[in-house]
Amino acid sequence: MRTRLGLSPSSEALARRFAEVRALSVALAGPLSDADATVQSMEDASPAKWHLAHITWFFETFVLRDFVPGYRLYDDRFPFLFNSYYEAEGRRHARGRRGMLTRPTLDEVLGYRAYVDAAVEAALPDLPHEARELVRLGCHHEEQHQELLLTDILHLMSENPIEPALWPGARKVPVEMPGPLGWIESAGGLFEIGHDDPHFAFDCEGPRHQALLTPHALADRTITNGEWAAFIADGGYKDPRHWLSDGWAWVKAEGVAAPLYWEQREGVWTRFGLDGRRPIDPAAPVTHVSLFEADAYASWAGLRLPTEIEWEAAAALHDDMTGNQLDGAGPVEPRPSSAGPAFYGDVWEWTGSAYRPYPGFRAADGAVGEYNGKFMSGQFVLRGGSCATPRGHVRASYRNFFYPHQRWQFTGVRLAKDL
Amino acid sequence: MRTRLGLSPSSEALARRFAEVRALSVALAGPLSDADATVQSMEDASPAKWHLAHITWFFETFVLRDFVPGYRLYDDRFPFLFNSYYEAEGRRHARGRRGMLTRPTLDEVLGYRAYVDAAVEAALPDLPHEARELVRLGCHHEEQHQELLLTDILHLMSENPIEPALWPGARKVPVEMPGPLGWIESAGGLFEIGHDDPHFAFDCEGPRHQALLTPHALADRTITNGEWAAFIADGGYKDPRHWLSDGWAWVKAEGVAAPLYWEQREGVWTRFGLDGRRPIDPAAPVTHVSLFEADAYASWAGLRLPTEIEWEAAAALHDDMTGNQLDGAGPVEPRPSSAGPAFYGDVWEWTGSAYRPYPGFRAADGAVGEYNGKFMSGQFVLRGGSCATPRGHVRASYRNFFYPHQRWQFTGVRLAKDL
Amino acid sequence: MRTRLGLSPSSEALARRFAEVRALSVALAGPLSDADATVQSMEDASPAKWHLAHITWFFETFVLRDFVPGYRLYDDRFPFLFNSYYEAEGRRHARGRRGMLTRPTLDEVLGYRAYVDAAVEAALPDLPHEARELVRLGCHHEEQHQELLLTDILHLMSENPIEPALWPGARKVPVEMPGPLGWIESAGGLFEIGHDDPHFAFDCEGPRHQALLTPHALADRTITNGEWAAFIADGGYKDPRHWLSDGWAWVKAEGVAAPLYWEQREGVWTRFGLDGRRPIDPAAPVTHVSLFEADAYASWAGLRLPTEIEWEAAAALHDDMTGNQLDGAGPVEPRPSSAGPAFYGDVWEWTGSAYRPYPGFRAADGAVGEYNGKFMSGQFVLRGGSCATPRGHVRASYRNFFYPHQRWQFTGVRLAKDL
Amino acid sequence: MRTRLGLSPSSEALARRFAEVRALSVALAGPLSDADATVQSMEDASPAKWHLAHITWFFETFVLRDFVPGYRLYDDRFPFLFNSYYEAEGRRHARGRRGMLTRPTLDEVLGYRAYVDAAVEAALPDLPHEARELVRLGCHHEEQHQELLLTDILHLMSENPIEPALWPGARKVPVEMPGPLGWIESAGGLFEIGHDDPHFAFDCEGPRHQALLTPHALADRTITNGEWAAFIADGGYKDPRHWLSDGWAWVKAEGVAAPLYWEQREGVWTRFGLDGRRPIDPAAPVTHVSLFEADAYASWAGLRLPTEIEWEAAAALHDDMTGNQLDGAGPVEPRPSSAGPAFYGDVWEWTGSAYRPYPGFRAADGAVGEYNGKFMSGQFVLRGGSCATPRGHVRASYRNFFYPHQRWQFTGVRLAKDL
């Protein structure tokens, strides 16, 4: 993987960062039993244990194996088990069978983590620049998996008829309903887009380049649960005219009639979360909707989704607009905010942009080069980060991407319109 | 379920039997982690935890709920989770999603068992005859699940690329290869078939009735691994002429080329078992073959499989011919025997008989009546019991049944011929 | 294929028989357009054109190629296209893609027929006995395909929303409703079963052997459409207790709620047939029901299906009880009869017997030996013949067989009970 | 559907255009038998008869039914059968079952065409402007289906093992191999993109808008069969590093190893076409490759695909660069050209642009508004037209679109690079 040029942190700062990131992953797994950490609830998701091991394998392979002479693998069999999609790194265990790995146990995987952590910490002061960049990359990679670990474990819990609450929920503080959508207008014109500051970024965020925008406006907040309930009540899921053709086929094939994890119980819309099943909060941002649903909502509203360029141009001007992000282990969920429009946090915002390379993009050579470029077909870009995104992980140029039917991430909707 | 008429054991004997059966199930789960006990490796198999809970649910439902006034369910949600196929007992959790139940944990399920065991033991002295019959039935039902628990957990372990050995294996004592097949001849004629003695039997084992046999002979032992390797070496899996049409389609679709769990490693045939992967023992009975494979082998050998009537008539005359059965927790596997022909134990023997009702059979009313009759399409009968069948569970009239492609049970082959 | 020993007809008689059989196939295809004759409506069915060519390929291959020196194949490519399941005869076109063969056209296939017919007719007087037996077998084989041609084309027409009527229907003569079921009783005992008379039979009909029957009774007629409508009205398709487990899974997966081709139109049950869609005739035998449905009906009625041995024993005593069979091209359908119980014709009667070999059965060597034995898993036996079975094709020993979910043949239900 | 504003042709010109377009469709169906015109070879394709009827239904519905008082439908059942994806027009026959329609016959569909043609011709002089626009749209719509008819029938013929040649092939004139790729360079900057001239265009081609391009170059011709054979020989289909992740999954799942219709026969690459199977012409443009293959080829070559904006900017400057297009019924295929770079014709050129709306695009209301916008997820844009595209149908702004795995159209590859 080729990352964008950046300032390298000092050894100490890097060691501190490494320790913090590694500790958070373990904390997130805190409430999990061995079984919770083992089962795979669908092919898109991975077991928590697998996440914990895979992000460790990344450091072991690309840092310790490649840069630390005499390093001995913790277990010869783990590279086969915990490689994910790096074809260049050789054979790997089929993605859909990750849930079969009852052994090694969660405790053994935590032992693997401790072994690799100690080795990385010992090696850090003497690592060459290239290896330190890989440590830095590994921390960002681990942060991505922290979010996936949370959303995957939520999906698993939702498949259990007894709907376990993983964390006791925080007390809900009632919040006023937000007012009608306001609009952040832009006259358009030429904008600089993509990563170029001295800090870390993934390869797909660049090269920085000029882009041309037409006059448009973005909503000053995301759509709420209450607004979504109105869409449902108006028959939004039953009228093919609102839907993309593939979206309508998906609605019919899957019987989709509400966001993922929503159920109507005695006439009340509830949602399942990491704190169990509870009534929806009408003031909070809607989440667990697919691109198909986001697009249908926009179509129903007579509006559209923003492009990723429009989004980035606006967010770059509002770097301080930060909502609810992941600050530590606990039952994350999008929260209503009285603090004004947030571009970062709460929910990933579907854009109308297909995930494709920027002008001048080229994938790097070698195994790490497989990182992002090869996923550039069939997926849409999301921007902004969610309540499950580790704080500090996102930035204006960050490009997340999922298929248009996927919705087990904390995904939501910001509307846009032409001026 | 309607069982055949039988002598009822005394309260004490029944309590002792109940305690022994219940204890063996827990012992079998001894080496399992919470995760091992939770994961479902295929739709045909169930998690060990599910087996442990389901057989407990049987006692709780049909004995405690129905016959013990004031009994309180251990957990209201368990009947939904742990009912299996009793449609009359209401909604149940989808079979293919049993592996999602990371909660309740294995420890919680063991707590459920202890609660129900105590209640049954307290109630036993005062239970009416009908309820005691159900306790007795529940013990037989639990023995069936003990065998399934072992074969399901073996399948799960086999799906893990690191191939965990659940139990340390016993030391292998080399045994002489058995000689050529001998034949047990029968002049045919009228035989009494089916259950009628005073002991327990499942409903499908009766009514006892006369059956007419033509002159024939049964092999005096089952086919060995060594003989099976010769079938493979002769191209047995590559020649459609040996195979039933559905069997050949299965071979091609699944790429079948050897018994389940066999792999050739550096030119040597190995098999995976509860004690890990080891070379096959050429003198031991071949196992983990499907009816399709058993029939193809017989066809290749110019012989045929026995009918279930032929088998029962012969076995009734040789009630002492007992091989390796389940006597306690450990790494069961079929063993070669120098002790002469065994009809009971080591491997279930595929017969050429479709599983259909005997003349005069009628399913009982009520939920328990769903027990056997409704499975009477598409399956074949197996006879004799295996190394994983609890000792004392089988008898000459016992009818086991599986689909012709299934082979994760300890299934083997005895040949027959017309005279 | 090995057929039962039989008297060979004279050359003249055989030539006459060959000509008649061959002519009827062409007549059955009379109302078909080139497209009608080409399309395959499901994998179980074959295009009419394919039937016409395949039964011709049988004569060309096993008679002309093998016994007529100097015979030249009509077209080198046809053996690949029109072989069906004879693995020994080499590669063949995938069954599910038979509908892709828009070329050769129907006219070209009729040309192929004429070429082969002429060659067989010219060769007949000089053919050795073995070849003449194969001509005789080919005629019976063709009669089987005549029935399939009719049922396959009916299925295809039913897939067309405009529901074409292939033949103008005969005028319906109102018939009195049959009275309540009467019973043909049998005291049981030893019976001779299977083929042994001097006439033709398929290999699976023998060897003739003794069978033992318990006291029982067979209904004196099959179940009517009117009786079936009562089963539906009583919720028969909605209550799992009536159904085999695999049957209930099939009902739910396929949404089955009535016999194939039945639809309720403005409150009236109608059926689709070769003469288009019409109201059901309540007095006529119900048809297009699966074994699963037949078994559920019997279970609902508190009765059971006959075994094939019971059926044959009764039918052998009533060889004159003949109903509606195929006498020429036209819109066949089961008809009500005031003429007393018919064992032959109108509908194939599902038995409760799995299709397995008789004692002493052995498949013949060579390609023709693949004929019947290899289908002996998973299927049930039907007896008696239908309105689409060429008159003269059936006999008491005839064993037809289909999978328990299949119902596009003219299949119906005769009940039985134990005495 | 909303089309871009345009000059309306005179009545006479429109009548002439209508007559020509309608006649070409019938001519294309000339060599088809009734069966050829009926069978559907895969869900993506439609039967020729269906195309001929569907494009007729378009005129009948949106022109005659809506604008001609007293018009009587040719057949009440046809709207259900021949609607395609217009949800607003009500229920329609399932796409995957179009091949079941053996009735109406090809002759009857030609009768339907004649009836509608006569009615349109009679009505034309008096139609209001809106209806005349719909006739114009219908002609373009029919031209789209002419191309699909050819590619669908080619696919059907390819499924027949005897590989019928639909048209006798033209004599092949040997052509010199093209030289190495040359490059058409662009300094980038602002360009006007999208439709705005007075002629017809589909709604998705606008609004015309400014777009910003970076410096780049486009190849001056498309990739040839000879060049593609070198990619295969170099292991292009076996190295995951060249492939998009979804593309690699597709290659493995489908066993893809060459362009569609290619087969190696005795060491020689051949292709199947409307004139049968022949050796590939190494000098001709490669065709029947998917976006996945096109992208992998570019990646292997160290280059990339053009964006649709780059393509349009270049093509707008070279409106005269026209290759082989559809001028009449016959065995179309891409041809080598010595006449310099062609932007139009021979093969559709995959671009790296996802099919998404232009800035300011809004779908029109009503049934025709479903035309293009709802397909804007998951598909990629192709530009330029092919040998099967009716001459005059394409223009610089034309946006064709298919899923990245589809390749039964005449699709090819032009490379690009950054400067």
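Residue numbering begins at 1 within each chain, and the chains themselves are lettered A, B, C and D in the order written.
Methods note: contacts are C-beta pairs under 8 Å (C-beta built on N, C-alpha and C of every residue); 3 or more make two chains touch, one makes a residue touch a chain.
These numbers were taken from a predicted model, which means no experiment stands behind them.
Peer 1: Which is the least count of steps on a path of touching chains running from chain B to chain D?
Peer 2: When the steps are counted carefully, the minimum from chain B to chain D is 2.
Peer 1: Where the contacts of chain A and chain D overlap, which chains show up?
Peer 2: Both chain A and chain D are touched by no common chain, going by the contact rule given at the top.
Peer 1: Averaging over Cα atoms per chain, report the distance between chain C and chain D in Å.
Peer 2: It comes to 46 Å between the two C-alpha centres.
Peer 1: Give, as an integer number of Å, the spacing between the C-alpha centres of chain C and chain B.
Peer 2: 38
Peer 1: Taking each chain's centre as its mean C-alpha position, how far apart are chain A and chain C in Å?
Peer 2: 59
Peer 1: Specify, in ascending order, the residues of chain C that touch 2 or more different other chains.
Peer 2: Counting only residues that touch two or more other chains, chain C contributes none.
Peer 1: Please name which positions on chain D make contact with chain A in the complex.
Peer 2: 85, 87-88, 190, 209-212, 214, 216, 240-241, 243-248, 291-292, 295, 304, 352-354, 356-357, 359-360, 370, 374-378, 380, 404, 418
Peer 1: Residues of chain A touching chain B in their complex?
Peer 2: Touch list, chain A to chain B: 33-39, 41, 77, 80-81, 93, 97, 99-106, 156, 159-162, 164.
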